[in-house]
Every structure is written in C-alpha cells, then in structure tokens.
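Chain IDs A, B and C follow the sequence of writing; residue 1 opens each chain.
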Amino acid sequence: MSALLEVADLKVEFRSHGETTSTPLRGIDLRLEAGEMLGLVGETGCGKTLTGLSVLRLLPASAHATGTVRLDGADVLAMSGRRLGSWRGRAVSMVFQHPGNAFNPVYPVGWQMVQVVRRHLGLSRARARQHVVEHLQMVRLTDVERVADAYPHELSGGILQRAMIATALLCRPRLVVADEPTTALDVTIAAQILDLLRDLQQEHGFAVMLITHNLGVVRSVCDRAAVLYAGRVVETGTPEQLFSCPTHPYTRGLLGALPVGSARQQRLRTIVGQVPSDLRTVRGCSFAPRCPLVHDRCLVEDPAPVTVAVGHDAACLLAAGR
Amino acid sequence: MRFVVRRILSACGVVLTLTFVTFLLARVVPSNPAAVYIGPRARPEQIARVRAQLGLDDPLLVQYLTYLRDTVTGDWGTSIGTKRPVLDEILSRLPATLELIAVAMTVAVLVGVALGVLAARHPGGLLDGTVRILSIGGVSMPAFWLGLLLQIVFVGKLGVLPATGRLDRTLEYTQPLREVTGFHLLDALLTLNAAALSSAASHLVLPALTLAAYPAGLMARMTRATMREALEQDYVLAARASGLREGFIVWRLALRNAIPPTLTVLGLTVAYALTGTFFVEVVFNWPGIGLFATQALLNVDYPSIMGITLLAAIGYLMVNLVVDVVHARLDPRVRLT
Amino acid sequence: MTTVPADLLAAGAAADSAVTSPFGSTLRRAGRVLRRDPLACLGLLLVVLLVAAAVLGPWIAPYPDQGRGVADVSSRVQAPSAGHWLGTDQLGRDVLSRIIFGARGALLVPLLVVGLAVLVGVPLGAVAGYRGGRLDELLMRVTDVFLAFPPLLLAMVAVAVLGPSLLNAGLALAVAWWPWYARLVRGVAQSLRDRPFVEAARAMGVSQPRILSRHVIRNAVTPVMVQATVDLGTVILAAGALAFLGLGAQPPAPDWGLMVSEGRVSTMTAWWISTFPGLAIFLAVLGFNLFGDLLRDVLDPRDAR
C-alpha cells in the first residue's frame, strides 16, 4: 500500500557558475498518508521550508533536486512543466507564512482567488465568484463579500490567513503544504487558525504537511511528526511517542529546551554549539559535534533510520541498541 | 479627488513662481530691458516707445502684475523674429511637436517596458545582457548625433526614408492634406487621405525613433529592475504554487506591481522629451516648437523665450500631475497618503 | 554633569565604524565586480581613455596644431585614410586631433559644473534636511521652482540671456544642477536625523556642525558620488547639446558638440565630420554611466542589480 506522499532520498543543492555552493537537503525520507497531518519540525535553516517547496517543485533556478517526490503515484521532480502547472493548486497547494505578502497588493483578494478557480476549473466569472464566496464562508469568515472585494492591505493578518487557506482549498487538493501558517499571527488567532485547519481536514479529507518550529503546535494538532536537522530527518513518530520517548539526542535537546512550568529562577537549557554552516563537508552524523552522547563511531558513520517502535524511527547509532 | 486638487494647487503655485522668475530674468537682469526686449537692431525712439509700453518706470510690483494680467489674457508679447504674437506662433507650432512627442513616447514606453520585462524573466541570460547594453546605450546617446546617424544611414545610404519635414512637398499638388487637428496622422485618417497618411508616417519614423531612444532605454532599465524585484516577491511564489500560468504571472500579476515605480521615471523622460525635441526638430527640420525655440534663443527673442519657458513649465507640471494620478490609480496603497 | 550611559557611547562608536568602510575591502569588491561584469570594465576603460586624452592631448594627437584650430586648406574634407584616421573637416583639420583636444573641455566643464553643484547643493541640503522647519520649507520652495524645469532648458534660457560662450554654458548648467544635490542630501539628512546614533551624538553634546559633517555628510557621500559620476556624463551631453545649437563653445574651439554642428552641412557627402565627434560624446557619456553603475555596485552592494 503506497502512501499519498512518498519522499525518497530528496537532495537539493544550490549551484552557482557550475559549482555547488550549498546542500541544504541531504537525503530527506518522508511518508504521508491520505488525510493525515504530518508536522515537519526543526529550527531555522534545517531545510523544512525547502522540503515543502520541493513537494510543489517551487525551487529557485539555482537549485538542483535529486531523488523522488511521489504524490499520488506521480513523480513531481520528473513531471513536465505543463503538467506541473495544472498539478499545482489542484492536486497539491500551499499556504504561506506571511499572508500579507502572499497576496498581490494591487488586486482585490477575491479577484486573485477567481483567477485560480478559472485556471483549473474553467468556470465562468460569475460561477467562479460564487465558488470563491463559498470557500471564504467555509473558512469561517463573516462579511465575505467585503473580504472578496478588499485589497490585501485593508485586511488583518488573521483574515488574510483564512483567505489563503480558502485559496489553497479552492480546487480540493489532496495535500496542502502549510509553511509556518501561524508563526506571523498572534497567539489567539494562531490557535483559531490551527483549529480551523484541523476541522477542515477532517471534514474534507485532505492531508496536511505542517511546517513549524513550534513543538507545541505539533503536539496539539499533528497526527505524526518528523524532526529535521541539517537537511536530514532525524526522527519520526506520533507526538506522544516523540514527547514521551524522544530517542534522537537532538529531539531530546529540543524537548529539554522547552521552558518547564513556572521555574523562574532556572536558566534556560540550550543545545550547545550551532548548526554546521557548510553542509557539504559533513562526515558521519551531522549532529555529532553537539551531541552529549557522541561516540567515535558517530564521527565516521552516517546513521540510517532505525525503528524504535511501530511508526517511530530515529536516525541515531545509539537507537539501534535499544 | 482631494489628492488631485491638492496637486493642481501646488502646481499653480510653482507656475506662479516661475512666471515671476522669468519676469525678473527679462526685466531686472539685463541693464537695458527695453533694448533687450525689442532686439539688437532697435533705434533709440523704438526703445523709448517700448519703455513706455512696458511701463519700465513703474514700480516692480505693478510691472509684474501687468505682466501677469497680460499673460493670463493671452497677450504674450510679439516675437522679435517673426513680428507675430508669441502665443499665435506657439499655438500654430504646437501640434507638430505634440505629434512627434506622442508617437515617440508611445514607442518608447511600449518597447522599453517590453524589453525590460523580457530581460527580467531570465536574469543573467543573453536577452538580459543585450537589453542592458541597449538601454544604457540609449540613455547615453546624444539625440542630435543619433538623428544625424539615422539620416546618414536611412536617407543617404539606403534612401528609404525622407530626411526632413513633415510631409512630402509634392503632395500639396496631388493630394493636399486638409488640416483638422493639426496632427497629420489623425487628419489623414479623418480625411481618408491615404497618400498623406503614408507620407506623414514615413516622415515621422526617423525623428520619433531618435527622440524615443533615451526614454526607451530609461524605461527598459527601470522596468528590468522593478520586474526583477517583483518576480522575487512571495506573491509570485504563491501564484506559481496555485498553478497559474507563467505568462499570466509575468504580464498581469507582476508587471502591475513593477509599473508604478517606473512612472516617476516617466515624468523625467517627459522633461527629456521637452528638451530633446529641440535637437530632433533642428536636425530633421521639423516645424515645431523646438525649432522655433532654438531660433528664438539664438536671436535672443525675449518675448518668445519667455513664452516658451512658460509653456514648458506648464506642460511639465501637467504631465507630472497626470503621472501622479495614474500612479495612484494603479497602486491602491498610494491613495491613502 | 551626569555621565553618559555606556551603551549610548557604544552606539556612537559602533555607528562611527559603521559609516566608514575599510578601503581595502572596497577595492577587493571593485575587483570582483570588474572580473564578473564586462560592461563595468568597459566603463572604466572609457573613463580612463577620456582622462588620458585630456591630460596627454597635445603629446598624443597626430596633428597638434590642427587640434588647436590651425587650418590646412590643402587637405580639406578628406575621407578617413592612413594619414588622417578619422578624416579631415572643411578647414582641413585632422578630426582625430581635434577630438583629442576636445577631450580637455569635455572633461573640465562637467567637473566644474558638478563640482559647483555639489559644493552649493550638498551643504544647503544637509542643513535644511537636518534642521527642518522654515529653513527646510524655504529650500523646498526654491528647489521646486528649479526642479519644475528640465535642467537643460533652464540652462538654454540662461545662456541666451547671458550670451553664448563655454563659460556661460558651464555656469548656467551649474545653476540648473545644484537643486538635485540639495534634494538628494536633504533626503539623507532627514532619514538620519532621528536615528539612534545621531541622537546619541546630540546627547553627548556634539555641536551641530560636527554632527553634520561627521555623520550626515559622510553618509551622503556614496549616493552623491554615484549621482555625480553619472551627472558628469549627463553634463557632457548637455554641454555638447548647447554647443550644437550654438549656445555653448564658439568656433574655433575643438568642442565636440560644436564639431557635430559644423559637420552638419556636409552630412551626406562627408559623414565623418559629424559622426566621429558625436561618437566621442556618446562614448564619454556611456563610460560615465557604466562607471557610475560600477561605483554603485562597489560602494552600496545592497542595491545589487
């Protein structure tokens, strides 16, 4: 049985003048089942946004991707340009972090949504408008006509983000990639948006790849999560598995860094060191320089994912010992 | 709407100040304004008469107010060179210049913007490099030299286009053009005069191209820069993520964002066009304001000079006003300021 | 007297070093841009050629006397040949030599004009922008009047009034040009006025002239330099245009614009008389435009094209 989305050994490198300048993704492996919400977690620069963009093949011209990204059986990386154009927005769509920037400032919001509808569904202008209005209602917006006729700068971040979710769902995609959809919103609005996303997902059955750096978000809405570090997936599992039994030292470090309760006098715990700046020269485990449990083997051998429990994998040489 | 009114008011203020400056230039700066006004070959009694006429012994403010009154009522003085009222001279020559500027600017904007967009789509590519060279070449080229070059090549060597004037002289006998608006292209269309239309068009080609070189280069440079920035924005990425077609994204979504900043440059290019016509009209013997003005400057024909200065200022300000209004319409965020 | 908090002091010191960029790294950046961009190299080359012609003129011109204006009636209107690479004009003068001699005027006039415009405009703009208030209002009104006008037109009218000569053309152009620099520096001064490091300086009791010269003008140097370089080219164009119309340099000066105008009567038969001086103007302007781009890339990499 194949999953809705299968990412195998996805590598992305940036090239300039024939030379490789950086390798932000060094072999990503992911599985996403239909109707599932997978959280992609990691700190800034670990490659999670790039992974999301790769699913839609929205990479900049200087980026070269290898590996396979199979969505609903079709390899996105091998698709022709024409097919890709009708694929994006229809089979898979994306929600961006800054809704204010993701909408074109010189056209009304509704007009922009109508363009997407007419592109994929070929409806007349009037029917397309109707379709847009229905979807704006679906994301629990009130005064929908006003929103549709408004320009992006006239609407608040929360409203715009709902509108963006509506745009992403216009053509009933099977997968929605949400890149940090709540990071730019304040806390109460963020919670509402996440609830909305969750409810819509259960109602309409699409899968969501939720990219975030916020572990709390993962815990509250995701079915499963994958932890990324330095361009690789280091651990995958359900939120319960990750929170109760974190296996990879990086995951442990992340969880340990969460401030505990009301412990005011204590200093925040951090992970020592920094993410390696040049990933091209990494040998062995990329986390080894910072790992409190590092062995000599870790500096030489690149750990493959090891199954810790059903649905719970960790890419650490020590995990195999459990 | 209030925006427009405010801009008109401020423009009026500037024009008023300008009239004062030109007035000062003509009356106060020269040591003998009357002699200067009437021309170098005046006799003493003529000078005395002009002194009385201009009221040069009156206080300065009175002189200025009379000058203002005259200007507003249409009396812009008499040209020393042609002995006809300055306003008449200007108005009779205006259509020729406007036609030239209109055609040239249209070509410049269309070509410049198109080239800029094409260059921005593939940064670093061959088209991008070519457009860069062409646009910076266009901006650096002296208009009078380009005009001469075009004459040498297309008239002298190839013989396909006429060298000077607006219409074929022989047409006056075979199929004379009836003037309705003064714009030969328009008139030829309106009076269904095919021969005149082709003649007018062929006479327009070289002067318009010469005048268009600089604005086209400038527009191409600006559009390339603003398009490159627009194409890097998140909304372009989002549009691609929604599967919208690339052509639609470039020409309708991104371009609309890239145009407003180029409009400020458009105002600059009109300034160029105002002075550029001087040279183009001289080289091609185009009977417009530029040719008239050049002769006026060389003969130190004061009334004409002042009249043309005023006209240029008004025209320039009006164009800037239109540009501002269009800018506000295209970019809804500007309307708030 | 209260002591200044350490962080304000640090802010001031940090701002100081933020304003001055080490010369070495600038040179290195220049090298990188030159290697990557052939057009930038062309710009540099053209400017160097112009300066060389202006400085070494009398020694490198093949016919120096003719360059100065001495006629040689026996070799009138000769097409380009081995003896006269660019041909001769109606008075038999070698076109190449005249062009080389013309380089001096072509370079000096823009330097004069831009120099004056900068000397007048920059301080005015800095003071007005920084102090604001009525001084600023006054400056804005005055520059409004000047800017309501294409500078060339203004210069043309001024020269017509003053009488056609190279000097008058230069002065007229300078008068037409200074408002642009005043406005440019005014913008910089305004944006800097409320920045923390300027407030810090004020808090420390630094006198206003010192603030203006150390912080405001230092920060304005880059945009002014880039603008000035491009303007050198524009002024060459303007001066040439004035001369072409008869409003600038007068015969027998080897002014490029004048030479184009002189050659006009024989455009069809002796195309070289007008073409080469015009080409010289074009290349000079092109050189300064490209050089200005190069300067902008090197000094302000944030504006990467």
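Quick note on the criterion: contacts are C-beta pairs under 8 Å (C-beta built on N, C-alpha and C of every residue); 3 or more make two chains touch, one makes a residue touch a chain.
What you see is a predicted model, and the numbers here were worked out from it, not measured in a lab.
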Remaining connected clusters, assuming chain B were absent and nothing shifted: A | C
Dominant interface by contact count, named by its two chains: B-C
Centroid distance [mean C-alpha coordinates] between chain C and chain A, Å: 53
Centre distance in Å when chain A and chain B are each reduced to the mean of their C-alpha atoms: 54
Averaged-CA centre spacing for the pair chain C and chain B, given as whole angstrom: 24
Residue numbers of chain C (touch at least two other chains): none
Chain C partner contacts - residues on chain B that touch it in the complex: 14-15, 17-18, 21-22, 25, 29-30, 132-133, 136-137, 139-145, 148-149, 151-152, 155-156, 225, 228, 271-272, 274-275, 278-279, 282-283, 294, 296-298, 300, 305, 309, 312-313, 316-317
Complex interface listing, chain A residues touching chain B: 56, 58, 85-90, 93-94, 96, 98, 101-107, 115-116, 119-120, 151, 153, 164, 167
Touching residues (chain side chain B, partner chain A) in the complex: 233-235, 237-246, 248, 253, 256-257, 330-333
Chain B contact footprint on chain C (complex, rising order): 39, 141, 144-145, 148-150, 152-153, 156-157, 159-161, 233, 237, 240-241, 244-247, 257, 260-261, 264, 267-268, 271, 274-275, 278-279, 281-282, 285-286, 289-290, 293, 305
